[in-house]
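What follows is a set of structures for review.
Next come two complexes, and both contain chain A; in the first it sits with chain B, in the second with chain C.
And then the complex of A and B:
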């Protein structure tokens, strides 16, 4: 498509909206992998699981965002249990379990994916709500309400978590466990319990992010594969464990993807996140805001 | 010596089987099982010996399949040339991945290899010559000299590849390369300090592993008479190639062989009797089960049993 500044502006606006959404789907991973060092490759699969939960509740007329909130306690327990399992079988054994730990989460991701295929089939599923479908018109620009809703919720989520992690006692403990586990133990806190709580929190946030995902676009069970690229790209680009960095990195990814989509076509878009991820890993593995 | 006699016996038995009048389906299913043996063995050279978890198996398999397709279309090259071209391209890809491993370890390495899958897939989808997103229908030769059918010949070729892959893995395991890789798996810094040429060994392991993975993918277009990007670069290859060595045991070359024979046979059975979705579920469940309950795989269980029965 020919280059024009109007198009570029449109691409950037959409990119920023998309970027906020990417921040929402990545922030759980930013905690689980960035702060806790858990190789959580099943994060995107849990995200899609959240979307399907929202879809299921939607069948009974529950609003997607409300459904996402309703799912959070269950996802919290699921996350805490998953971490407990990971801790008991791998972290306790120490470094030699690195290969198995990765394989464990990769296996979990595939189990979730296939269970979704078996339960719902491979067709695309979408949610229904008043704000899905319509769009806001400013001059020639049409911004779909669903993107705006996702943008709002994502921004709220990111800011809340950033404040929570830096201001509250538990939040600071979560950050501390990522920095120096032994020191935290000396302070009389139990790192395993804090990690378990944090992992539960990360998974609970993922339920809400799953709701955003199905609001923004229809989902299908194998979609987690492409989100491996998007979420890890955001977290690595941000620098492990940096919450504000997560938002910035997600915006960079959103804008880049949106520009590529607009000027090169949709068939190139899936490679953007993975390409950017490779570049970051090769050039600056610490990320933009790394510790 | 016993190993080589066994290899010869397997090849001779396979040749006899292919010459006999056994049902064609056996070869069709057997091809998949043997391909799994090559994939698992190749993955284990890097993943098992060196501890670098490659999630990017589909990138190598797909690169192999498409390299074979390109030389088939442009030069009408015979199968053996297709396989060599695939091994060359995927081996080069493996070498590049090895270069990446200088800076990336653990999960970062794994994620980088996943990235490779999607980048290659996107390139192929946008490449008209090889059919783009819709893929290509191929007409394969009706017969595979000197055998009665092309499927029989492909099966026979896969037997040779499986034996070759195992021989290579066995050689690497027992040579200085294997010792060096095991040392760097346990501690890369310590290995480097004691004079193990870690980078060179990693590059060798990556290139050999990649070349074998690509070679295993090369016959795919001819096997299916069809090729398209989504199934060629399917992450199911990654989870299978990872699950089989873990289930069999990663420390010995026989582990991936056992895991692949076991898992791929179960998968064939499940696909035929129940459904193809469930066969991925079987892989996932067995993978998670073994990783938790028996991290050293079947080989580990056997060793434990032998030690306790003494």
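And then the complex of A and C:
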């Protein structure tokens, strides 16, 4: 594609919107893996579960974003229970928790996939809303409303979580448990309960992010596999545990992919994105915003 | 007699009557084993499950007629999850552990390609299942594809010729970066070079792509007058959605070509009126004359509804039933299940199936192609039954099946 500033501007705009979508689907993992050090490879499967929950509520006329919000308490409880199971089975028993935990969460992902296939079949499912399918027209530029919605929700999630983690007692405790669990215990707080709460929070966020996923594109039960690499890439690129870093890393990834896709070819986009991750890790091993 | 006693006596009576009814009698105890892998989950799962309904219908039908060579037909299908990495292992198991007699390929090019060397090395007959040019390099002489197409020129001819007739001189090609789409796109590239059309955009995208906004924006910027898209089911819906959001420009005469999935009922219902104007390949649309296909669809729809899979089943199911019919004809004619003898028969004879007569060329592809190019018209949202009407997909090509003229440009056709 021949270069023009109009196309570059459009590529940047689409990249920013795509980046916000990546941030929305990665931010739960930023808490679970980035802050809590839990190898939550079932994160994308939980996202897809959220999408199907939204699809189900959509059959009764519930708006996808509202459906995502309605699902958050249930996902919080599910996440808290999942962490308790992981803790009792692996983390409590010692050093091999990370490796065993990987197997555990892969198992959870497969179970979710199979349950979704049994319940909904293998066909793609999509959500319906006034903002899906239309676009904002500014001269020759057309911006899909669904990406604008993802942009708004990602900003909302990032700001809310950043404020929550830095301004509230529980939020600061969650950050502390990620930094020094023993010190937190000495302060009289129960690290396991804090982590259980935080994991519940990360899973609750996935309900809303799952709504974004089905708003942006149709979903099918095994689609989680596509997002494993990308979500972990965003979290590691950001620097483990940084919410604003997650948004920034996702935006960098989205804009890079979009520019490469527009001018150099779509096939190069994933390679450039992961190449960027390698370069950043080589120069700054803790990620862009890691401490 | 109270109600309970009446029910018990009724049930006992029904059992006696059922036992007295003539059941299929098989002269020999050992069954003929037919095995395959089929995508039942993943991106191709929707099509695969529908195809399995049709294959099992044929198995039931043939066993109801007393089996083949006096033996019951036993059918095994494993889920390859639409993942080509799984198929070589599944076919090794089918041959070495399950000891199947005959093999059918999984639906689609991508899962089939990895098993071709294995099947050739083991000297087995393989009935192809809607693959595209997987045997072009392997050159297995016991490969027979059930698909109504042959080479990529035959596939894209209807689309490109319709575009040229509508005044298009330039073309954009968008293709998924995998075997099927690349084979198809390479053929289209060669064909448009032959016609000296101006190729203004040519882009492959990774199969994992989920948002197509940027690609469609680039297509729009290219100002192409024809847009040829070679995509797989998970991508096709995303591409159509992006086209409706971003637009491709009022200069586009025709758009579509090789979008797999636009014949699957769930995707058609999901996209609804967004399908209008798209000119795409197809294998069957209502109104096409094929012997026995109406009866097949009546029986298929009942089963598919009960199994919660694609109720219309236009794309794959009749051609999968035809695989069974071709095996049945060859086995009966040769009185054998030996791979080589069946292959010789299939190559030399015309097969009579519900999708019409089938003849194969030396490479095992259809000698008498019948791939159609049809334009979606007047499609409304959320209405499955509308697709049973011949008015929703108008056949533009080939002339023998033509049911109407092309509406162009694409923007005008979208409103049709």
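The rule is simple: the second predicted complex is superposed on the first by the 266 of 291 C-alpha atoms of A that agree within 3 Å, B and C clash if a C-alpha of one lies under 4 Å from a C-alpha of the other, contacts with A are read in each partner's own complex, and residues count from 1 in each chain.
Following the convention adopted for this analysis, a residue touches a chain if its C-beta (ideal position, glycine included) is under 8 Å from a C-beta of that chain, and two chains touch if they have at least 3 such contacts.
Remember, it's a predicted structure, so these values are computed and weren't measured experimentally.
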| item | value |
| --- | --- |
| Partner chain(s) touched by A:267 [first = chain B, second = chain C, both, neither] | both |
| Contacts of A:220 with chain B and chain C, given as first, second, both or neither | second |
| Which superposed partner A:277 touches (first chain B, second chain C, both, neither) | first |
| Contacts of A:155 with chain B and chain C, given as first, second, both or neither | neither |
| Chain B versus chain C as contact partner of A:117, first or second or both or neither | both |
| First (chain B), second (chain C), both or neither touched by A:66 | neither |
| Chain B versus chain C as contact partner of A:11, first or second or both or neither | second |
| Contacts of A:99 with chain B and chain C, given as first, second, both or neither | first |
| Footprint overlap on chain A, where chain B in one structure and chain C in the other make contact | 113, 117, 226, 267, 270 |
| Chain A contact footprint on chain C (complex, rising order) | 40-43, 45-46, 49, 81-82, 177, 201, 203-206, 208-211, 213-215, 217-218, 221-222, 233-234, 237-238, 241-242, 244-247, 264, 266-267, 270, 274, 308-310 |
| Chain A contact footprint on chain B (complex, rising order) | 47, 51, 53, 55, 100, 103-104, 106-108, 110-112, 114-116, 118-119, 121-123, 125-126, 133, 186, 235-236, 238-239, 242-243, 246, 250, 277-278, 280-281, 283-285, 287-288, 291-292, 295 |
| Touching residues on chain A, where the partner in the complex is chain C | 1, 4, 7, 10-11, 14-15, 17-18, 21, 113, 117, 121-124, 126, 133-135, 142, 144-147, 216-218, 220-223, 226, 258, 261-262, 265-267, 269-270 |
| List of chain A residues in touch with chain B within their complex | 33, 39, 41, 85, 89, 96-100, 102-104, 106-108, 110-111, 113-115, 117-118, 225-226, 228-229, 232, 236, 267-268, 270-271, 274-275, 277-278, 281-282, 285 |
